[in-house]
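Labels A, B, C, D and E are assigned to the chains in the order they are written; within every chain, residues are numbered from 1.
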Amino acid sequence: MMNYPILKVTNLTMDFGGIRALNQLDLDVNSGEIAALIGPNGAGKTTFFNCVTGIYRPTKGDVILHQPHTGKKIRLNGLKPNKVTEKGLARTFQNIRLFSQMTVLENVMIGRHCRTKAFIVGALLRTKATLREEKEIIEKSHEILEKVGLAKYVNEFAKNLPYGAQRRLEIARALATEPVLLLLDEPAAGMNPQETIELVTLIQEIASEGQAILLIEHDMKLVMSLSDRIFVMDYGKKIAQGSPEEIRSNPEVIKAYLGE
Amino acid sequence: AADTIKIGVAGPHSGDLASYGLPSVNAAKIVAEKINAAGGIDGKMIELLIEDTVCKPEVATNTATKLVSDGAQLVLGGICSGATKAALPIYNNAGILVMSPSATNPALTQSGDYPNFFRTIAPDDAQAQLDVDFALNTLGYTKIAVVHDKGDYGKGFAEFAKKFLEESGKAEVVLFEGVTPGAVDYSAIVQKIKQSGAEAVMFGGYHPEASKIISMMKKKRLDTTFISDDGVKDQTFIKVAGESSEGAYASGPMDTSSNPLSIQAVQEHKDKFSADPGAFYENAYSAMLAMTNAVAKAGSTDLAELKKVLQTEKTDTPIGSISFDEKGDAIGVGFSVYQVKDGVFVELK
Amino acid sequence: MLKLEKVQSGYGNILAVKGISLEINEGEIITLIGANGAGKSTTLMTISGVVRCRSGKIEYNDREIQDLDSDAIVKMGVCQVPEGRHIFPQLTVRENLDMGAFLRSDRDSIKKDLDYVYELFPILAERRHQDGGTLSGGEQQMLAMSRALMARPQLMLLDEPSMGLAPLIIKQIFEIIKKINRESNTTIFLVEQNANQALQIADRGYVLENGKITLSGSAESLMANEDIQKAYLGI
Amino acid sequence: MDYFIELLFSGLTRGAIYALIALGYTMVYGIIGLINFAHGEIYMIGAFTAFIVATVLSILGFPALAIIVLAGLAAVVWSASYGYTIEKVAYKPLRHAPRLSPLISAIGMSIFLQNYVLLAQTSDFLPFPRLIPDFHFMEPVAHIVGTTDLVILVTTTIVMILLTLLIKYTRIGKAMRATAQDRTMAMLVGINVNRIISVTFIIGSSLAAIGGLLIASHIGQINFYIGFIAGIKAFTAAVLGGIGSIPGAVLGSVVLGLTESFATGYVSSDYEDVFAFSLLVLILIFRPSGLLGKVDTQKV
Amino acid sequence: MFTFPEIKRSFFISLWFVFLTFPIMVVRVNSIEKTVHWRWENIFYVAVGSFFLSMIFRYFLHRREMQSSEDSEKEDGTGQSFIHDLLANPVYRNTLGSALMIFAIAFPFLFSTYQTNIMTTALMYVVLGLGLNIVVGLAGLLDLGYVAFYAVGAYTYALLHYNFGLGFWVVLPIGGLLAALFGILLGIPVLRLRGDYLAIVTLGFGEIIRLILENWGSFSQGPSGISNIARPALFGIDMSLNTAIVYIYYIMIIFVIITIFFVNRLQDSRLGRAWIALREDEIACQSMGIDKMKTKLVAFSLGAFWAGIIGVVFAAKTTFINPASFTFLESAIILSIVVLGGMGSIIGVIIGALVLILLPEYLRALSEYRMLAFGAILVCMMVFRPQGIIASVRRTYKYTPQNREEGL
């Protein structure tokens, strides 16, 4: 299959009072690829996610999403986060934000919310349609849990999961929204090497089904082994972009980020 | 039980209005003790069933059903008109006589909806009429501000006052407003009264707000005449307002202060509770006397019998020698206007 | 210097630390490694007196401290950089650092230490008036470290200081850890996921598996151990 | 014009009165995030203590000044003790409970204290002695600002300034803010959290006591229920100004006081509270965390 | 347990309380006649009382801590395993349910009119509690002005009946819908406020409604209220007072059942899940595609709807209403029912309502100490059962391969 850009970000700028966290950032992600966004702490990576997903309102710039299934090109900036998710962007959070009082299954079921529609009447009267939908939600959620290897925890409370599993659950929850593009913010943070290795295989699996992914990570082993393309940020600016090899050998990147 | 007469005492005994309900409880206790000490009513002892209504209609209905189930034969109370209205049908249904020391809403007697209801206090309209006549004819004012406390008692009074003033055509109502009870400061309304250029303020409500307003008036160096109802004609008013209350007018039952029974009633309270009686104490005391007396005369607690007695026989009470008209309002209470002179209410003949 | 004997602690009905014993000598760098949920953080919190010690003994400089309040323990020079940084979100960077020196009164030496941490992490100097809560993950980690340093601790408990940091910074952090250990002879108790780096700077290490110490020994011996290599070093 | 100024000052006085109570509310809220409904009752108890002590002293024939000082002192001491005790009994055991549990506990405590005073003292309104005599130099403007009003205005201003300084610059102030924001970490930097919380309650309650004394001598009467009404208003004011912020509490109170005063003056006192609460709703719609409340920048 | 240091502590505590209560309990002055009335005996009562109470208090606190660290098998240390097990088992649940049902139906014949009457009141609060539970317990929106919607319902009936003679059954839905409408109108602007700011705004709204009813006499008859409101009709049969009371009792029973049924279904629906998620983390919720405003608004107006319905019943029951019935304290009580019963737990709320509403009635025995005790009990209940009487162990979706349905 040929790759075409599904996310096109141009000239994105974000100011917090005095601080310019994002500075005229251009970035694009193609269908079916794994792209990585790296950079020193405070470079603006998470802010980038927040702006794209509508949690912050960018000061300037455009975010265009190209939905393959409809073929529509949709401008995302200015939309509310829930709208953005509906359109096809899903994310995980750098510091885990699970619904800790809900079970693993329920967490994923929430992910299905924007793809289903039963409402008050349905809830009260339990119409056939509703029951079918509920069934579908549970089925689908469980599939996803099996895919990310959390099936064994299905009825556990999210708060009682080991840390690594919680990160996986965040991914599962995001997948449940059937995103066009999946945004992962430091998925391996706080994992030990063992868990990290398992995570890499998981991400590869997901990608192998044609899921486009953009991830932020500080673990270079992971980034280099996974990504097709890498974007490097520093002080809100894009300072480099290219294949892992190019990046690894890019002097500016080494100076700003990797270290020799 | 046949050998006791159960008298329910219903009113606010907790919450913000407790200070209007509890004095009646004291009155009931004192009268009941006296009668029991004297051997009861032809041998039957009086048993009090004291129940809280918080002045809330729904609680009042519960209280009513409780008193009915507990076999109350008479009820002293209903302090607030609202709660009383809600409860009366239940008492009526059980054929129980209810006498209130303080529920002044005219509809209670005049609507005819509540045949079992009597009261030892004048309805709002009567008092309003009295105060208005006094303000217009005796004092000859032409610009009057009418203020109330937004409560059913105060606002009821104020609305009648306004009505009568306008009907009289002799004076204009330059201000008609309600103040928020319990507010921490009344200077704004006082300034407004001043601005309105009123010669007199006619206040409908109870003494706490009255004393706050009048002392604030003095503070703001405003000596507009203050005229009010018998929710204010209460020694506490003078105590609280201090010298600010000098010269204020208030309507209330006739010649109570000179009435030996009234003096005695107050004394009994001081002896028993080592404190001055509170609001409506004398009305409640009188109501107790009237009811018990009626029972003694009728020899039963049957509603019809009691009504007959109450309407025919006079009873000597702290508020005068009273009987009741067929609507249930006390006759002979005779209302007159009092003025505060040297820290006491002095009746103006 | 610090001695734990059969310490048990946990949360409500969960027993997270199931009777562990360990020992730290003055001037050492000791690391505690273990999978997620093994009970590492809980151990540290128990030492600091935030989580109540259910049974067992904790001795610090030959004094039992398991029943002391946390502030008393801090007064004795035990200072923790907790997991997840715990920056005071609405205090500025500067105020956060001041809080670190809460129990100190010696103005000028505080000033010195302040300059010291500013030079360790220039970014903090840059952001001294920004609210801590709005710092990026990494910046917060640096702030947390610096705040602990401001207390001039004798014993420093570090809970996953490298979490979420860029490679350069991680290097830097570990350098700093060595530095403070060397220069101000601060004893370090280091909890890490990032086991190989931890073991590289550590003198000795303990391995914690669901609430129990399963292995201990010199850093070298641990690095040599296959199980550890498989489980924690990802080799 | 005269009228306007008169209303302005009655508004300010009212505001200052609310502020004295609102400050305590806001401090307690700031540190444990609890709407302390019992705070109004502490103010009420302060007033009663002042009343009792003042009366006893005047019977014993103390000079006026001594009476004010001693009564004030007693009010502060006892209110503070009540505040301290209430926290220990009703709130401390609920530190780790669901957010609303302490709220209900507070409501229960408020009901309890009301009825406690109702039973132990009286349901009636008691005449509160006018502790503060009129200054002569005030006479020319007495129709605008009375002496008591002046005293209240001044006290509130001073208290606010002192508190702001306390919170911003002193060790204990910093400790309070730290505790408010992250209790665990506060412990880890060596703050004795329990003590700090107790101190907060003590300060807040002392303010309530001063309020009790001044306000009672302003309106000249007290009963067991005054705390509840004043409490609700003060809390409204605190939220209006941005709960947790000291200057906010005062600003909110003044804004509220002025609104009510002008609403009464130019519209109708029937609707003064409607205006007050509508204003609250409006302001919060446009500034969701109050006038001076910190717009919490939560990092995602 | 009662070791010496314990006793010593209690001793000092009692000393402290003696000091604390001294001015209020012991001294009583009459500032007019300048007399002081010393009641030294009270010192003794306070001392002894506080000594033993502190003993008991701390004993129970101790117990509470022990409990929370002991019962290990459950998710969160909230006791009550027994009741939950009981309800977990469908057989017990049904038997228990039907037993309760029979008792409820027989109630009016077993007990006095008074008992039936207050039980009706309690049932009304059960529904109110369940309604507010949607807002507070499920969606986590703190609403301190719930009584406003109750008032809307009550006045809808009162006024429609007074002005147009409309009957109970006609107005019932109108009242509910009108209240819901108010809920939406208020919700749109204020629901974006967080936590306690929402609380105070709703409190303000509640006051506004009450004040308008109080002051806009020409519309609502002001403080003197509206009387002679018709009780619910039953095919035009005119009933004696007692039958009417019983009739309303049965109406309420039916309402309670319907409400439980609906709230249950809402809880287990897509909507219910969204509410609970929203309660836990709004930002994550939005990022999962949940429309914050819409979801909150639905919760808010649903809650209001139930309040409105009960408002109508209330007006019909007391046959007289005035603004005095719709004070903030009312909202506080309803909220207490929800929290004290156990947020989000239906049985909890039911028990909470029965306790909090029947308690003051049964405390009448204590006459003037009634509200004192009420307040104290409120505090103690919270201190010793912070999670509420029945801590809600939410019915979660359990996944079981063979029957791919949600079960228990």
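Note that in this section a contact is a pair of C-beta atoms (placed from the backbone, for glycine too) under 8 Å apart; a residue touches a chain by one contact, two chains touch by 3 or more.
For clarity, every value in this text was computed on a predicted model and none was experimentally measured.
Common neighbours of subunit A and subunit D, by the contact definition above: C, E. The minimum number of touch steps linking subunit A to subunit C comes to 1. Chain centres defined as mean CA positions place E nearest to the mean of all protein CA atoms. The largest tally of C-beta contacts between two chains is found for D-E. Of all the chains, the one whose CA centre sits at the greatest distance from that of subunit A is B. Distance from subunit C peaks, on a Cα-centroid basis, for B. Subunit D and subunit E, compared by their mean Cα positions, are separated by 28 Å. Separation between the centroids of subunit A and subunit B, computed from CA atoms only, is 73 Å. Centre to centre, using the average C-alpha position, subunit A and subunit E are separated by 43 Å.
With centres taken as mean Cα positions, subunit E sits 47 Å from subunit C. Shared interface positions of subunit D, defined as residues touching 2 or more other chains, are 115, 122, 126-127, 270, 273, 300. Multi-chain contact residues of subunit C (touching two or more other chains) are listed as 134-135. Subunit B has residues 14-15, 22, 150, 178, 239, 275 in contact with two or more other chains.
Against subunit B, the residues of subunit D that register as touching in their complex are 3, 6-7, 9-11, 13-14, 17-18, 115, 118, 122-127, 130, 142-143, 146, 149, 215, 218-221, 223-226, 228-230, 233, 260-261, 264-265, 268-270, 272-273.
Of all residues in subunit B, those touching subunit E in their complex are 13-15, 22, 50-52, 55-58, 61-62, 65-66, 68-70, 80-83, 85-86, 89-90, 93, 105, 107, 113, 150-152, 155-156, 159, 178, 239, 274-276. In the complex of the two chains, the subunit C residues touching subunit A come out as 35-37, 84, 123, 130, 134-139, 141-142, 160, 163-171, 193-195, 230-235. Those residues of subunit E that touch subunit A in the complex are listed here as 75, 262, 265-266, 269-274, 276-277, 280-281, 283-292, 298, 302, 394, 396-399, 404-406. By the touch criterion stated above, subunit A contacts subunit C in their complex at residues 16, 19, 39-43, 46, 94-95, 162-164, 186, 189-197, 218, 220, 257-259.
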